[in-house]
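Each of the next two complexes has chain A plus one more chain, namely chain B in the first and chain C in the second.
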Partner chain A sequence: MADGTFVNDAALVAAKDLRLELRSRVAVSQVVPFAVLLLVIFGFALDGDQTTLQRLTSGLYWVAVLFAAVLIVQRAFAVESDDGVRDALRLAGMRPASVFVGKAGAIFVQLIVLEVLLGVGVAVFFGTTLTGWGLLIASAVVAAAGISAAGTLYGVLTAGLRVKESLLPMLLLPVLAPVLIGATRAMGAALGDVAVDGWSWFNFLAIFALIYVALGLFAFGPLLEES
Partner chain B sequence: MVSETVISLRGVVALLGRFPALARLDLDVDAGEIVLVRGPNGAGKSTLLRVCAGLVPVDSGNARVLGHDLRADRRVIRRSVGYLGHDTGLYADLTVRDNVRFWARATGASGADADAAMVRLDLDTRLADIIVARLSAGQRRRVGLAVLLAQRPKVWLLDEPHAALDENGRDVLDEVLRQAAAGGAAVLVASHDHGRAEQLAHRSVSLAGGHVHSVREPGGTGVFGG
Partner chain C sequence: MTDTTTNPPGAGMGAPTRSGDDPRNTASKGTRVFGILSLIGIGWLVALGLGLSPDDQTQGDLVRLMYVHVPSAWLAYLSFGVTAMGSIMYLWKRSEWWDLVAASSAEIGVLFTGLALVTGMIWGRPTWGSYWEWGDARLVTTLVLFLMFLGYLAVRRIPADTHVRSRRSAIVALIAVVDIPLVHFSVKWWRTLHQEATVLSSDFDPKIDDLMLFTLMVGLVVFTLVYVWFMLHRFRVAWLEEQLLDHSLADAIEARRAEAVGTGATT
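Take a look at the complex of A and B:
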């Protein structure tokens, strides 16, 4: 029965996931406030010292993005766990790789929105002046792609487990450590805080994203089957 | 009635962990046939349906659905199977219309098929734009059935389909299943509502301990099998 193209199936899944978020407003009412709250807490922890906060902006920004990303990934797979939906997804006969791309795509879109909002957040709360827009945007996009791909892979890996809520962050955060390092360096270079070649870190992030996209395309099916 | 065998199980064993939920089970279901699966709790009714849907692997035995080997081609079989279990497989935060359209398109059916199924199940009313989380169990069951109807599967696998439905819903369900069978689909129904389900079925099989204990033909008495 399922004879849609790869792209159509992926678009169908992504549109469904984004519609779910628009209707449930979990991202708007919980994830974004949580991420902004993190920025505020960082401010309290560092005594509201603007100089320190501006110097550490890139690291604090990406820590906030990663923690919020874990919530987004958890939510993306929680909706597939209710009321036999995962069985229905298996029975639908869509290519697993297209489901992977669709789910990762929806997470990617949410992450981009989150990154923009947190960018405004660091400008407002830390007084950071955003510069180096080309590198800033490019590294944010490839970092979001890497987080989405790895998150989708580990999301489906833990989806069927009873302890998924605590296991997902434990597995995913170490895996995303290279993104934290690379994105922090690239953003630091864009903001002029660190004297490194930001574009080489962009390349690093792009390679990470490519590896996890490739892994996801091949491994998502078997993992969905076993979840 | 067409006599093509759609489901053919021979000596099928399916394990849930180490427990043999199906133990050397034999069963044939022909195209156009509605078969009622009976049995006490734990007899293997739900596992039988899930095995036929390709959701539970076959550990040994010969199992074919629509000519495909269930051990080798589970994914191919799934595309032609409609399964409604105890869960309805619906997204709680999407509306009825969103759910039916999404699952219809995901299984290769069109938006028109989805809309027609909603009309058939009386869901094209104010219910269409209500999120599933706000529906009663019976209404969710109706939506799950609409999803199946939109898919037009060749094999219908239904676990306690009458549960939670009101009288009108049960009448609609029976009519939908009769039409599906008349159109050549094979229908396997596990139900405790024997009175209604027996009227619907062409044949009933009783499971006990994971295998077929007896087979009852229309108007006949129990015959030991399996």
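Take a look at the complex of A and C:
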């Protein structure tokens, strides 16, 4: 198969997933409100104190992103496991690697939208002034890439299992610990909360994303086969 | 004792061993040797660690915890290394044998990782003044490792076909192992970029008493023996479980066939 088909297949899968999300509106009506709710809960838990919330913005922001990401990943596979879409994709002769890129791509797009909305959320609820836009955006993009690659791997693994609701976060969150640390640091540096070199954390996040994309390309085939 | 030593890799469990004289336990001559050596070694380690070795000048009796803590940590990493190797070999060779090696090793690994964490925290309380120290990359990494392998064991417990379960868990183990250096690096960098010197650099005196070093070495050797001993037994149990699954199905089919023949139907 030529490389054109690879990209094409991936784009088809991603477009399919995004279309499903657009039409079902679950992401808009449940995941986003949940993420915003998390910000509000942090506000309650931390005494509604704006200075504390501003100081902790980067950490709270990324915790909210991670928890919402678990839901997005679960959604991405739940919508298809009932109809046997995974088998259909295999029957259609698509290579597992391109299915992986497609699924991860759709999750990535949703994460980016979520990150933007949560960015507005922290600006509104915590009163945080967003600065250092270059680093902020770049690190958010690579972190989303890492989360979606690792999430896609675990998503297909737990899809269709009865215990998936508890198993997915248990597997995914420890693995994403480096992303949480790196993204929090990078955002903290961009906002000027911590005096660290944010761009080196950007590099770290990029390496994480690359490793997990590579792992996904390699391991998605065997995982897809198993249903 | 019957001499039906179950030798998993080669012989497998043929029909004769199942009927009548099935093995009472998973021991064989080899494991008994390992067991006796382990027990003698543990006795020796207790004598050395609690009695013969001297107090540390700064840490006092606390240093004795090291003779359990360091070997446990070593076993934690050894066993997860074996799990990673077993998983890679499974994905390559597709042999149940390797999958069971990975599974057995992971179980022992979780046990010793827990032990390493607990002893580390008990040591940390009087030394650092707190049970937990976020600045210690090894400690935090070990905790994340522990959590990831709890996840691995959870994945293994999901009912599925043998080969589905094996493949699934092999990939989970692989992802976890790839993540470990990333976690370690990020934690290390996270804290060192933040606060300069931590109390933890004085974790171990470079100048260590001869007898203390010797005791530590004995600890490492004894714990490794214990690991091998546990591994042999755990693996054999896992192997027998697999055999039981296979045979009970075969037996059921056999019984069904016999029934069909008995009623005169053709098979």
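Methods note: the second predicted complex is superposed on the first by the 221 of 227 C-alpha atoms of A that agree within 3 Å, B and C clash if a C-alpha of one lies under 4 Å from a C-alpha of the other, contacts with A are read in each partner's own complex, and residues count from 1 in each chain.
Everything below uses one rule, namely that a residue touches a chain if its C-beta (ideal position, glycine included) is under 8 Å from a C-beta of that chain, and two chains touch if they have at least 3 such contacts.
Just so we're clear, the structure is a prediction, and the values are computed from it rather than from any experiment.
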Message: Per the contact definition in the header, classify A:Met94: touching chain B only (first), chain C only (second), both, or neither.
response: first
Message: Going by the contact rule set out at the top, does A:Leu223 touch chain B (first), chain C (second), both, or neither?
response: second
Query: After lining up the shared chain so the two structures overlap, which partner does A:Asp197 touch, if you call chain B first and chain C second: first, second, both or neither?
result: second
Message: With both complexes overlaid on chain A, does A:Leu12 touch chain B (first), chain C (second), both or neither?
response: first
Message: So in the superposed three-chain picture, is A:Gly84 touching just chain B, just chain C, both, or none of them (first/second/both/neither)?
response: first
Query: Tell me, which parts of chain C touch chain A in their complex?
result: 91, 144, 147-148, 150-151, 154-155, 158, 160, 164, 167-168, 171-172, 174-176, 178-179, 182-183, 185-187, 189-190, 193-194
- request: Spell out the residues on chain B that touch chain A in their complex, using ranges where they run on.
  value: 53-55, 75, 78-81, 83, 85-95, 98, 102-103, 105-109, 131, 140, 147, 151-153
- request: Using the touch rule from the top, collect the residues of chain A that touch chain C in their complex.
  value: 150, 153-154, 157, 161, 163, 167, 170-171, 174-175, 177-178, 181-182, 185, 194, 196-197, 204, 207-208, 211, 215, 219, 222-223, 225-226
Task: Spell out the residues on chain A that touch chain B in their complex, using ranges where they run on.
output: 1-4, 9, 12-13, 16, 19-20, 23-24, 79, 82-85, 87-94
